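Per-chain numbering from 1; labels A, B, C, D, E and F assigned in written order.
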Amino acid sequence: MDFSTLFIIIIGSIFVNNFVIHRFLGLCPYIGVSKKMDSAFGMGMAVIFVMTMASTITWLIYTFFLNKATSIFGIDLTFLRTIAFILSIAVLVQFVEMVIKKAAPELYKALGIYLPLITTNCAVLGVSLLNINENYNFIESIVNGAAAGVGFTLVLVLMAGIRERLEYSKVPKSMKGMPISFIVAGCMALAFLGFSGMKF
Amino acid sequence: MNLVNVSSSPHLHEQVNVRRVMWTVVIALLPALIAAYLFFGWRSILITILGVVAAVGTEALVQFLTKRPITISDGSAVVTGMLLAFNLPPLTPWWIPVVGSIFAITIGKQIFGGLGYNPVNPALLGRAFLMASWPIQMTTGWATKLANAGVATVSGLKQTLITGGNAQLQNLITSATPLNLAQQIRGDIVAGTAGDSARTIFHQLSSLDYIKELFWGNIGGCIGEVSAAALILGAAILVYKHYIEWRIPIGYIGTVAFLSWMVGGIDGLFSGPILFHIFSGGLILGAFFMATDMVTSPVTKNGRLIFGIGCGLLTVVIRTWGGYPEGVSYSILIMNIATPLIDKLTPQKTFGYRKKSNK
Amino acid sequence: MLLVSIIVLSVLGILFGIALSFASKVFHVEIDPKIEQIEEVLPGVNCGACGYPGCAAYAEALVVSGADPTLCAPGGDNVAAKIAKIMGTKASKKERKIAVIHCQSGGIDNTKIKFENKGIATCQAAILLSNGQNACTYGCLGYNDCYRVCPFDAISIDENNMRIIDEDKCTGCGKCVEACPRDLIELVPISKKVHIQCMSHDKGKDAKANCGNNTACIGCGLCVKKCPVNAITLENNLATINYEKCVSCGLCATVCPTKAIEDRIIIRPQPIIIEENCIGCTICAKKCPVGAIDGKVKKVHKIDEEKCIRCGICIDVCPKKAIEAKS
Amino acid sequence: MCAKTFKGGIHPHDYKHFSNHKAIEIFPTPEKLYIPLVQHIGRPAVPIVKVGDEVKKGQKIAEAGGFVSIPMHSPVSGKVTKIGPYPHPTGTIQHAIEIENDGKYDWISELQDDENYYSLSSDKMKERIQEAGICGMGGAGFPTHVKLSPPENRPIDTVILNGVECEPYLTSDHRLMLEHPEEIIEGLRIIMKVLGAKRGYIGIELNKKDVIIIFKQMLRDHKNINVVSCQLRYPQGAEKQLIFAATKRKVPAGGLPMDVGVVVQNVGTAFAIYEALRYHKPLIERITTISGAIVNEPKNLKVPIGTPLSQLLEFCGGTSEDIAKIISGGPMMGFALPDLEAPATKTTSGFVFMGEKEVVDTTEATCLRCGRCVDACPMNLLPSFIADKVKNGQYEEAMKLGILDCIECGSCGYVCPSHIQLVQWIKIGKIEANKLKRQDK
Amino acid sequence: MKDFIRPTLVLLIICVISGAILAFIYQQTAPLIAENKLKAEEAARRLVLPDAEFFKPVSDSSEVLYYEGYSADSTLVGYIFSCVQYGYSSDVKTIVGLTPELMISAITVVSQAETPGLGANCTKDDFTAQFTGKNPDNIYVDKDGGDIQSLTGATITTRAVTNAIRDAFQKLQDRL
Amino acid sequence: MKAIQEFTKGIIKENPVFVMALGLCPVLAVSTSVQNAIGMGAAATFVLVCSNIFISLLKNFIPSKVRIPCYILVIASFVTIVDMAMEAYVPPLHKSLGIFIPLIVVNCIILGRAEAFASKNGVFKSMLDGLGMGVGFMLAIIVIASIREFLGVGTILDIRILPASYKPMIAAILPPGAFITIGLLMGLLSILQNKKKSKA
């Protein structure tokens, strides 16, 4: 295993090509669940979990069912990738939610309640598709999934911090809420440009 | 008897207010402006004035339009305009500081409610915006002047270049600030594509003679960052007045010093040129005047230290591996964004605080 | 190709179908049926627009902590209405109450002050500094805490810095009542239109001297005597209206020497009996507080306009709607 | 020797030059006195005289309202003319007993000189202190006998006398220490005996070098009592900060000095204790500073409790220009008063008068988050955050930030460039937070 | 048991229908897509070697190394190879045409995701035209002392294109 | 509600982007040029209309336990169809929209309308609703894209509007520009709405 590749994937997905503010994936929860730091953190943790799981499972489905070269059927079914991926993600999330709810109610309170939000989060499907596009291998896919989740969590929590502070500010009435959140996101995106073009 | 005043204690107050703080910062920035005039000529003053006028004008206009009290006399817009201009190359087009200031004040400050509410440093946000929008204008304005200054002061360096005969490298110096140069040379050396002359230049850059030039400001760079000496003079005023506190600048510069020593060299770990990294680029300006912007830095004491260290870390990372030669502005911006989080994670222990003792 | 793709999808479908049905059975958790009901009506998009992490969380918040039912953006009004239905709108049949400020002072030119308050400009802060800057220690401080807490913009401030409560906008939420540190605000049924606008317990002379508006209640008791329904009591130098008894006839306001009583009804229409409708039930006559109705059983009743105070009670009580207001 | 201090704090100009060279003058007892029933922390005292009663000087006119309370005594002989609400030097209205001076100054029983006071038992001593109506004279007015009765499990080994007087303008403790050092040391010895403490300290700030020299000299034969010279820094006189400076012990947050085996008393309290034990003298007068740039003759006065401020000012020659602010206590923690009616009480260490020029602008700008308040806070709190929470009604959050540990020293307000009225916000918050706390219980 | 069957069945049915429809449409579009792809590649090759009529891939054991371009009369009119290097924020893929004398006939950048307005300008003709006629073995960006004029503000992208061509060429050189 | 209103509500009153803030990822990601915006808008509208129709047809047939997976399946099928069709007939557009075409699956608007509207209403109404939402979505992207393309390139639909001497504000077509543009637009919209309200 080439650790430097993994390192680059990690840095890339967290900072340089951050899923939210560089690739524009997962914006709905980014704006929706960033009012409070606590829920942002919970959401983030849940996303890390689901993204890692989704990366794993979709890579397996793709490799063994869909991709012509490696598939057990030996025919090209890549056109089914969207439908297969989203279906498995949706079911996976729903399944995990039910299991946690029963098995670990505490964990469910902390993380599980965010799970349903994640099905329709493009970041999850996005990471699965990107893994395929980038030709990542199994380990790389998983690492990329986790790193993307961490990157998502990072900006989500930072955003929540700023929004909590904005509660005390005199933001003009018409800019309150969503509009100002986008402006903050813009500021973050400008700041994160500092990571652009990073090479190791 | 006329009516007396009643208010809550304390009834004494230090002779300090927002206006005084801001105008003191303006004064503290003047030495650097004078230095810029000496090294770059009138144009640097013109750019600064344009930045300030645009910032103050925008602030007044926005406050007028939103029917808020007009507070331009508190001087914060002046500081913003000035610091924005200080981050521009001296020969940048005239409209760059104007557009930058407008953006800085509207999107960077007033939209959040004005002074005290902005999450990120307006001047740096303005600069980042300009950098993203017009990178050419933002990265080429110092070329000619540096060429002249370069001949006069970095003559030894130039000599090496000519005799070393590496045409590629010769081109570099005409268009880059010292940091840019160092980054590229280092990149080439690490990648193994540079000749011996590159190594010599790199060592030249970290020689004491050259550091002296850096310190006095005889090099290329942005308007405000050129003379470390003038900046330190101004910073001394702020430190003396207790308008800035040691944790951020010391944490910042200390971290940069350590990390650049660790990874910034060409002879393996712990060979980096420390002084070169401290005095080149906008580090002094950033550490004393921009990272210390109280509005956008943490309030807690430990938070401020962490903030400084974080800025230092990011600066070195960007300087060493990033797409930009200079990491100061971006690292401060990124840490600005993390400020509320830092504040939250570094609560202070009340005097006498103990972990729940059994009563 | 066709076959294989069908097979692949089918396998996935069966697998997942079984997995889900199985899981929903095995891992079923009992929850409040209301939560489930609401979850059913919610769109299930889990977009987070409501600010809660997902529809289920919002449903729970609605039931458990009484969240605002109008937060679901994709669902819109439709869903909001349904939620309200499930939650069982506690629309009580009680009369709507609105806030009334019992003080006519607190403006720029109608307040007497003892000293200049340079502290924090809120009412809550002001009473901590020598008990407030105004001479009247019962009166409005004028820093508009009430205005700031009102979630419905029902309070406005006029040029004289006086607070005006918009009767249409006020929902009687009571936020301002809580906020006022002088306890000047009371929730009053909206139909009650006569209010004593003073809370001063000072002795008559002091009360008047301290009141910047000269409209303090001096405790003279004239209103008590005048009130036809004995709704006013005088205690500790202050007259108070018992709104349960008050019929808003406004008589008290006419006798108050300091104009401490405000009558919000500008014109009281004269009730007139529509003779063909009157069945002579005597209800109105019994209810008239001043005995202005001459009511013999089964005879058309008559109103003595001299005696009548135009309180309108008869209009309300008449079972046959035989009394009408004529201006 | 290196002067001791604590972390945080500020360096205001001390303005003590107005009065620190003025010997204590005795203020002639006025026509009418107003003795508030609340001059201390705890239950109000309960009057035991009626309107119209004749009273003698030193006669008990109000009884302690409970254990944590003190009795009040009449500073003059005369007639009780009224019992009712009257302005109080904290800016509030409190019940007070009004006494008309008959000019005779008859003591209820002549003062006895009890030379053997030091051999009294500790309980007896406490009883006498309690009877004399002594409460802390350093500001808060905590009943002294309570402080001298720590629970069994809190043995006291150290007593610190607080002669720091870090408030600007005030010099009453300074003059007292200068003019009555022996009595103060005796007072300290009494306290130490009552508590069974082995060590004593007298904390004095360096701007009172004369006092430090005197005490050092006098304490040569008291090996267990030391002078602690403290650096000039506000609030050096605050209990927890002084304890830290003298002993390096940190009183736990939310705790009391006795948790670290220390009791702190003001030097004036020690003096009053001495007088109570030796002469059976109740606490009916105290030293008060009348100062300020606009006061014609700033003075240190020995005033009978209950003297209205207007008379004190008159005695000091009035003011040279219109009064813009009247402060009871020092300018850092004192209360601004609306008028001159309030009387001096047992805890009144001084009155300060300010003219228009000295009054600071208190218009709040927006918080810059500069953190100067954080640096200044001797309790290491985050005043600006606390104020933010209070402004938004988040009192529970404010409690988490330690609002109840604030000592209201005013350091934060002093340094704030935006003139945020931090202390007032905190005071508001404390009231609400205490309400919440009570609800929880 | 019914709880299990119905949902599963419904899901199954929808899956089957979806699968069928998709497979059908795929069969309809797949040739078109493949054709598009080929056409695009072909077009790119034609662009960089306009004289050629048809192309012949030259492969190593598994992958195509380069193409040879032939005119209608089957004379070799040049070579085509593709190369890729990471630019500022993405891989920049270039197709290069060589004359039989191993000089560049033309290049075209076929895929990149550089910054619009900066690095993305590398697809523009003004930029690519300057490579024509140069010796691929010795091209450098002006900043590195060569004569490839860099895109304003995007030296990194320029360098990626230039260096990629040079490196790839140097690797292929012996086999041409 | 009149049928026409089902259509128009999506355009302004319940605009999915500005008012509901749903489906933001594609909006921001592809609004770098008006051409992309139109392509994405059209694709999303197609999917929205088709899936609304189908789901309203199937609404009685689908058991609630698996309704989400079923909806997703339907939607994913249409998305795949669009994906393949675009790749076959308009390859350049397909290329520039990138992975955001498959990501239409998770666009919250589509699933949202399916759940909130189509699963409860008749076919015709559902179709109109889908069409309205789709057009609203498309309009929103076009507005944002026009601004960004205008400022960031100086053109609209590749037609040069600003003189060539205009130095394009590149930031406008970078991520920060996307966030700030939508933030300001939302603010503007809320100012307009407040004006309207205060007039009414």
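The rule is short, and it goes like this: contacts are C-beta pairs under 8 Å (C-beta built on N, C-alpha and C of every residue); 3 or more make two chains touch, one makes a residue touch a chain.
From a predicted model like this one, the values you see are computed outputs, not experimental measurements.
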Distance-maximising chain from chain E - centres being C-alpha averages: D
Chain centre separation in whole Å, for chain C relative to chain B (CA means): 56
Whole-Å gap separating chain C and chain F, where each centre is the average of the chain's CA atoms: 43
Centre distance in Å when chain A and chain B are each reduced to the mean of their C-alpha atoms: 34
Interchain centroid distance [CA atoms averaged], chain A/chain F, Å: 21
For chain B, residues contacting two or more additional chains: 4-8, 107, 113-114, 117, 129, 132, 135, 323, 343
Interface hub residues of chain E, defined as touching at least two other chains: 3, 7-8, 10-11, 14-15, 18-19, 22, 26, 88, 118, 156
Residues of chain F whose C-beta touches two or more other chains: 21-22, 65-66, 68-69, 73, 76-77, 80, 84, 108, 111, 168, 170-171, 174, 176, 180
Contacting chain pairs - touch in the sense defined above: A-B, A-C, A-D, A-E, A-F, B-C, B-D, B-E, B-F, C-D, C-E, C-F, E-F
Complex interface listing, chain B residues touching chain D: 1-2, 4-14, 16-18, 20-21, 74, 113-117, 242-243, 245, 294-295, 297-301, 304, 343, 347-354, 357
Chain B partner contacts - residues on chain E that touch it in the complex: 88, 118, 140, 142-145, 152-153, 156
For the chain E and chain C complex, residues of the former touching the latter: 3-4, 7-12, 14-16, 18-20, 22-24, 26-27
Chain F to chain E touching residues, read off their complex: 32, 61-63, 65-66, 69-70, 73-74, 76-77, 80-81, 84-85, 87-89, 91, 152-153, 168, 170, 173-174
Contact set on chain A toward chain F in their complex: 21-28, 31-32, 79-83, 86-87, 90-91, 94, 119-122, 124-126, 129-130, 133, 172-175, 178-183, 185-187, 189-190, 193
